[in-house]
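Two complexes are shown next, each including chain A; its partner changes from chain B in the first to chain C in the second.
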Partner chain A sequence: MFGKRLKMAAKKAKRKKDKLIESLIAVVGEDAIYYEHEDLLAYECDGYVIHKGLPRAVVFPSTTEEVSQIVKILHAQKIPFIPRGAGTGLSGGATPMGGEVIISLVRMKQLLEVDFENRRAVVQPGFVNLKLTNAIAEKGYYYVPDPSSQRTCTIGGNVGENAGGAHCLKYGVTTNHVLGLEVVLPDGEIVNIGGIPDMPGYDLLGLLTGSEGTLGIVTKITVKILKQPEAQETVCALFDRVEDASHTVSDIISAGIIPAALEMMDKIAIEGVEKGNYPVGYPKDLAAVLLIEVDGIKEGIPEQIEKIIQICQNRNVREVRVASSEAERQAWWNNRKQAFGAMGTISPDYLVQDGVIPRSKLPEVLEKVAQISSKYGLRIANVFHAGDGNLHPLILFDSRVPGDTEKAVAAGSEILKVCADVGGSITGEHGVGIEKKEEMRFIFNDEEIALQVSIRDVFNPENLCNPDKLFPTASRCAEVKAVKRASG
Partner chain B sequence: MSRLVAAEPETRNSNYIFEDPPDEDKFSACVHCGMCLEACPTYQETGLEQHSPRGRVHLIKSVAEGKMTLGEVFSDSVFQCLDCRACETACPANVQVGTLIEQARGQVRQAMPLRGWKGLLSRIFLRGIFPYPRRLFFLGTLLKFYQKSGLQWFCRKTGLLRILPDHLRQMEAVLPKVNKPVITRYPAVVPAEGETRKKVAMLTGCVMDVMFSDINEATIRVLTRNGYEVHLPRQQKCCGALQLHAGDREKAKQLARQNIDAFLAADVDHVIVNAAGCGAALREYGELLHNDPEYKEKAKNFSEKVVDVAKFLHDNGYRKPTGRVEKRITYHDACHLAHAQGIRFEPRKLLKEIPGIELVELPDADRCCGSAGIYNITNPEMASRLLQKKIASIPDQVELVTMGNPGCMLQMAMGVHQHHRKEQVVHTVQVLDWAYQRETEQ
Partner chain C sequence: MKPTSMEQIKQGILQILGSRLPEGEVIHCAGNHDENLLGNSGRLVVYPRDENQIGAILRFANEHSLTVIPEGGGTKRGLGGTLEQADILLSMQKIKGVVEHSVGDLIMTVKAGTTLQEIQSVLAKNGQFLPLDPPFPERSTIGGIVASNASGPKRLRYGSCRDLVVGLRVVTADGTIIRTGAKVVKNVAGYDMTKLFVGSMGTLGIITELHLKLKPLPPRRSLMLLTSPGGTEEIWDFSRRIMDSGMEPLALEVLNPGMAERLAGVSRYLLAVGFEDVPKAVDAQEEWVRQNLGQLRKTDMLHDEEAEAWWNRFAAVGTAPFALKVGSLATDVIPVMEAAEQAANNLGLSIICHGGTGLGISRIYVEDHDMRKFQSFYQTMQTFMAEREGYVIIESAPYTVRRGVSVWGDKPSYLRLLEGIKQKFDPRRVLNPGRFVGGI
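Right, the complex of A and B next:
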């Protein structure tokens, strides 16, 4: 049916078909390509909606070989292209600047191999993150990186963005779980990288993971799978003051406890999730909530929980308790993991930032975020992976109000400046993409950026593979300048 | 060049030129997070953004912004949707995708009315037959004649049925035996057994009362046995869900007003529905008529009284049966019960408490079976892909597949038949009814 419709579209536009489209059809067939204007509209942005751009076409290859052939055609004709997974990215990494060919990897969604003995799995890039855990849970295994979008995002996209998640505090982010990659380089050559732990030579796996699609297209991924912890307990702590919650976070880590996850939401974030689809019934007048999860050997858990509760009480917690059942624990997590989307219930648009700061600076930075919020007159909800100092300020705005979008972008940029100034970073897990290109200058000087670009040029000398992302462009586009002006 | 999207006027350039367009406050609640993608059966099958809830809402927004026309691409996107509402369960921001889709279909159908035999059939059934119980019952009588006179046997033997498309032929093969509708056989008020605990009215439905009047009978028996007086308002009509799904909002609204009048006149505490799709539609009359000054309030009051039979029994009390039904069964979540009404554990609880029943969970029980109103007739290929998946996930050695929606029952019966399987497809209330009947046999 869908194939048929795609074919119909192709027939209708037969006259309009150019050489490029014809050569792509020759590779993937007529039912695996979109190139008519209205068919492309749904691909004009990913989860970051502030920038939109139309691709020239979207192709849906089914094999590595097809990806390679497509890339070869595009490379020969000097046409830029973008790899795309589920399009849940939050920095515009899969959003066209305009005119690129999107190579969508959703049809490459097989779980190719699970090797329990060596604790690894091989997946295609379009395989959905959570499906891996679901597929191996029965044998007591799981895949650790758990971005909040794990129900829909793809492991290929996770590799591109070096995705994190709530449980990366103890176990590390995607790069700590990738063992090997098959990559189609920007000229179409297929190469294999890694495969065994501690490969001699440069750490190319580390370089490719998180390269945001600028060094090639990942077509096969070997990842680590871990045995599920023997036991886990989750604590929920409710605070009347954000400062108390922030200090609790620092105190827990300083006490030598490494929680599997340590999450925080502030008042506005709580308002959003409570109005959303998975409310847990947090009191309305709460200033902050902490979710603290510890896991490991059964015998070690109670002592840690006791310590955590003690720390919370020392910091004036209003209420603290341990999840009484798996259902309650799941309810807490569902509520937390839906936080971004739930902002839709209190605001028509949001812009999420992804700053990282030293944990000890949390109260100071939050104070500054509040100042930025009142300066721009925009509400800001705060959701953090507090344990690793990864902040997600959600700037609430209404794109229909003239000037609001510009204000949100400017406020976001200012928050990142604050993060950079206290010795932090502009992104923890969402990537730079289109969104934070300019903010790269908060951390790197021109020379450092030029050096990184020269590394990109080794793989992608003509800047065809996901162009104009990740690094600031020499001549910034007029609109961005306008935004900067608006921010003063 | 990409552009910074700022302050685009949403309505000034809108391509929605007809009345009752998708509500801006509904589509602007979507923040494009993508949490709905994998919940969507059509996205799972195709991986295409315009066949995902997020993509559909994006296009609905694009038409409002004047970036897209009410043309082929848009029509295809909104009409391939099953309206199963799985995305609404997944959505963190409670975006009412189903309502948006229905509103969008209303615009599409006015911009590009169905022509040819499709248009003719749609007009005959959705406007000419379903809204009129007598015509529908007459059709039922014809069907009964077809089944009983030997005509069905003749058609099947001679291969005459081969003129039907494949999916319609499959459907013909599993048509239940037609009985006389309860609305014409039962009194307007069926008294409760023993003391009357509550007065309730029952929607007998259009297709339900023709194809599955035995389920209606079982529902009445179970309700009266538990002390509920059952009213069967004579003026009630088809719920309008099929018309609404097909984009005929005008007819759907007309039916809604007629039903509101019929049921409010009965002056009962609850309106009981045993078909998930109809129940969801009735519960959304408030939404459907929110721009109707005369009916707005009435519709809201009415919708609050509507409740699915399993939830009604669970919430208002029923006597646990002592009759045994020795069966290993599974339960399929009808989309319009689980996703549209949030009813999941009540029917399971009802079933589990029947002595002798062993309930085995169906993997992905709340994934659409492909029935989706008349979707299996209008979009047979996608419907059949979903049905294959559903049938394949039925656990081994299950004797009954239970559910709370007649559309799903027909679809599942078709799946069981196609795969030469032995499972019996039944309504939740039927199993409960058997258990009560066994009490007297024991």
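Right, the complex of A and C next:
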């Protein structure tokens, strides 16, 4: 199916500079568009590499006005389009299904304004996440959401996906930090939303954040910036049994401590990160590592750290240490944040999943993940934001082995079913994209999906803006809706 | 088809509820004088027992083109809407109780008609709380708080409803029961539909159950009341410095002299600074305040229950039927309060007001019952904010006043999107018609 689409798209690409391309060049200029086959190949997929499709063109607008003009042209001709940031998404949200025009926001990368008194910053969508923190660090401020890809991912992309990160347990995810948006709607109209808390009207900011580019294209973002906590301490705890580590997570939360971050890696994940670029020398026979970070008022931290160490000891920790320096703390975090990439050192391919569970179900769910691993005969490394119940099972496979890819996909889906069945969700921060469209049915019934689709129709009635993402294949929902209308 | 007489509607509803309870506990005909001042009441008041009954009532209303106003504790009757009476006032008061409190997950599921006070007392048994501090916690239901996006000064530290509600059960206008979100703190599956209902004033559906994020009860609470002999400049200067320090204030709320008089016995601008944390962290922050007072004077310092008692008095202050809410930049909060004082003086009105210098939200209560003067006051504040980023809305006024003005301020340029959303959820405009922005 995908092969066929690819061929069709390739044919189109050979018709260089057709009328559409010419009209787009008239907006952005010759040096801000790709339309030849070899240039388009890099845009076949995002960080989710299992599905690929060729875009018709990639345009690089520099201003909101250009985005609006591009969208108006495409809207008038009913040509589908996809907004794209750095392409680090992990669910295929920026992957063409075949023939869409990609609107890349990477040239809109200015930091427009920093207002320390009102604790907000205004950025263009292509501005890289970590650059914001770097730009304001001198005055002791930072931007909280810190996805592992923060060195490359853009804040526009973060808004599209409602990105999370390691420090969301205490401070929330992207949606809790976005104050205002300028958006180009799928018909080209430019609207400004929010800016001030509780703006009268439905919470469109909340709806747009995490809508995966299906409701419009974000062209300007106002975000909260926070003062760096006065102090922080990081604890690293090494466990011989995964159950002990998972119980420690629940015990810490139940003791009334909300760490800024609470991360866990299991044996296979540790094997990977130790072979990656930032090894820290974890013993080879470990079953699990917990990284626990507490921040806040300096004087309040020691007793929380003591309590955490005590809890770890009660749960049979092998070794527990407080970072002795900022360098050591950074080393632990670098080691953790490159976990996905490091899987490449122990497996030719890997598929990362993104389920969420109530954290009290951690031991039970890990047990089931282990069963799924042995059922499919695939190794699964577990890396997760344990504090907020966000699991990232990394399913290791070899795409050169016939059938292995399908097995990995099936195992991933089965893990998500386990998460859904304990009252959780199929995605905590990576999004649905094309990857988890069908898995939406694990948590929503047809009517609930139909209602969401109807909200998309308010913004994007012709399904031109990032088409066919996010929702399961329409047929069944559409039928339900039609039946309801007929009977209503 | 609209049944003409109230008796027909009543019979229809009674048939749906099919209750063995005495009729008076299921339904009654409303209309005392107080209710009519603020409007938003109903010709019939109905007390469903569960979400299925709500579904059936809404289907009935939909079929017969009746209007329905959902209501929790009734503390927001003055907010929005031009109806004196809808056909049906659907009370959520019988749909209450904690469904589940998962202590280790810091998550609870609760029915919408439960009051905030009831919720807090259940949670306190396990050392947790729901970090919301809207007005009237003993009467406000959690469904009403979320539907009206009510909040208090502590949102500076803990966030507002949109940050704390992780999932809902909702009955939509055609009687369908839908779920949004899940009992987890992180979730990006599909659109964040939960957010649409927060602050939607019951115009999209009736919230029946909520999944909420909780916090551990802080071991130590502290409140410092600071006054400024000079003027408001020192208050702003202090606010700016504390927000620029590593301190983590719970609230930074400025009270005008009228309100300070009532709550602290001093007729000056006053800044309430709170802290909640482990004792050593609270002590350290109190010490920071002492070191950084500048020209400010500490007039009072309260701890634990006493601090809570003060905040409870604060939450009960807004009883005036005439009230405004202003959203602005943090830097404009004190100018907003001063403009309000000035405007009130010019009109001969007496006001009490407070504003969060870390938040950008101010509330103004006009104590005189003079509709004309109130309208002029509203216009003056709108003119003041027209030159600034933000908005002014009427948070409470009699319905006769609301009929004559746009209580939600200017229509947003993207009104068509809001109307489109309403159209998808409630095409026949059964739920709270005209209650929200742009007459939605």
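Please note the rule applied: the second predicted complex is superposed on the first by the 459 of 488 C-alpha atoms of A that agree within 3 Å, B and C clash if a C-alpha of one lies under 4 Å from a C-alpha of the other, contacts with A are read in each partner's own complex, and residues count from 1 in each chain.
Assume contacts are C-beta pairs under 8 Å (C-beta built on N, C-alpha and C of every residue); 3 or more make two chains touch, one makes a residue touch a chain.
What you are looking at is a predicted structure, and each value in this text was computed from that prediction instead of being measured.
Participant: Once chain A of both complexes is superposed, is A:G344 in touch with chain B (first), chain C (second), both, or neither?
Facilitator: first
Participant: Using the touch criterion from the header, give the chain among chain B and chain C with more contacted residues in chain A.
Facilitator: Of chain B and chain C, more residues of chain A lie in contact with C.
Participant: A:G424 contacts which: chain B (first), chain C (second), both, neither?
Facilitator: In the superposed model, A:G424 contacts chain C only, not chain B.
Participant: Just chain B (first), just chain C (second), both, or neither: which does A:Y43 touch?
Facilitator: first
Participant: Would you check which partner chain A:G164 touches, where first means chain B only, second means chain C only, and both and neither mean what they say?
Facilitator: In the superposition, A:G164 touches chain C alone.
Participant: Would you check which partner chain A:G126 touches, where first means chain B only, second means chain C only, and both and neither mean what they say?
Facilitator: first
Participant: Residues of chain A that sit at the chain B interface in one complex and at the chain C interface in the other, please.
Facilitator: none
Participant: Which bits of chain B are touching chain A when the two form their complex?
Facilitator: The contact residues of chain B facing chain A are 1-10, 28-39, 45-51, 55, 58-59, 62, 67-69, 71-74, 76-77, 80, 89-95, 379, 381-382.
Participant: Which stretch or stretches of chain C touch chain A in the complex?
Facilitator: 102-107, 127, 149, 151, 159-160, 162-163, 172, 174, 176, 178-180, 182-196, 198-200, 204, 215-217, 219, 240, 243-248, 277-278, 280-285, 325, 327-331, 359-361, 389-391, 393, 408-409, 412-414, 417-418, 420-421, 423-425, 436-438
Participant: What part of chain A is in contact with chain B in the complex they form?
Facilitator: 1-2, 5, 9, 36, 38-39, 41-43, 45-47, 49-53, 60, 86-88, 95-98, 104, 106-107, 109, 126, 128, 149, 151-153, 273, 275-278, 338-345, 348-350, 399-406, 409, 434, 477, 479-480, 482-483
Participant: Which residues of chain A touch chain C once you look at their complex with the stated criterion?
Facilitator: Per the touch definition, chain A meets chain C at residues 116-119, 140, 161-162, 164, 168-169, 172-173, 175-176, 191-193, 195-207, 209-211, 227-231, 250, 253-254, 256-258, 296-301, 303-304, 356-360, 385, 388-390, 423-432, 436, 440, 443-444, 447-449, 451-452, 454-459, 470-471, 484, 488.
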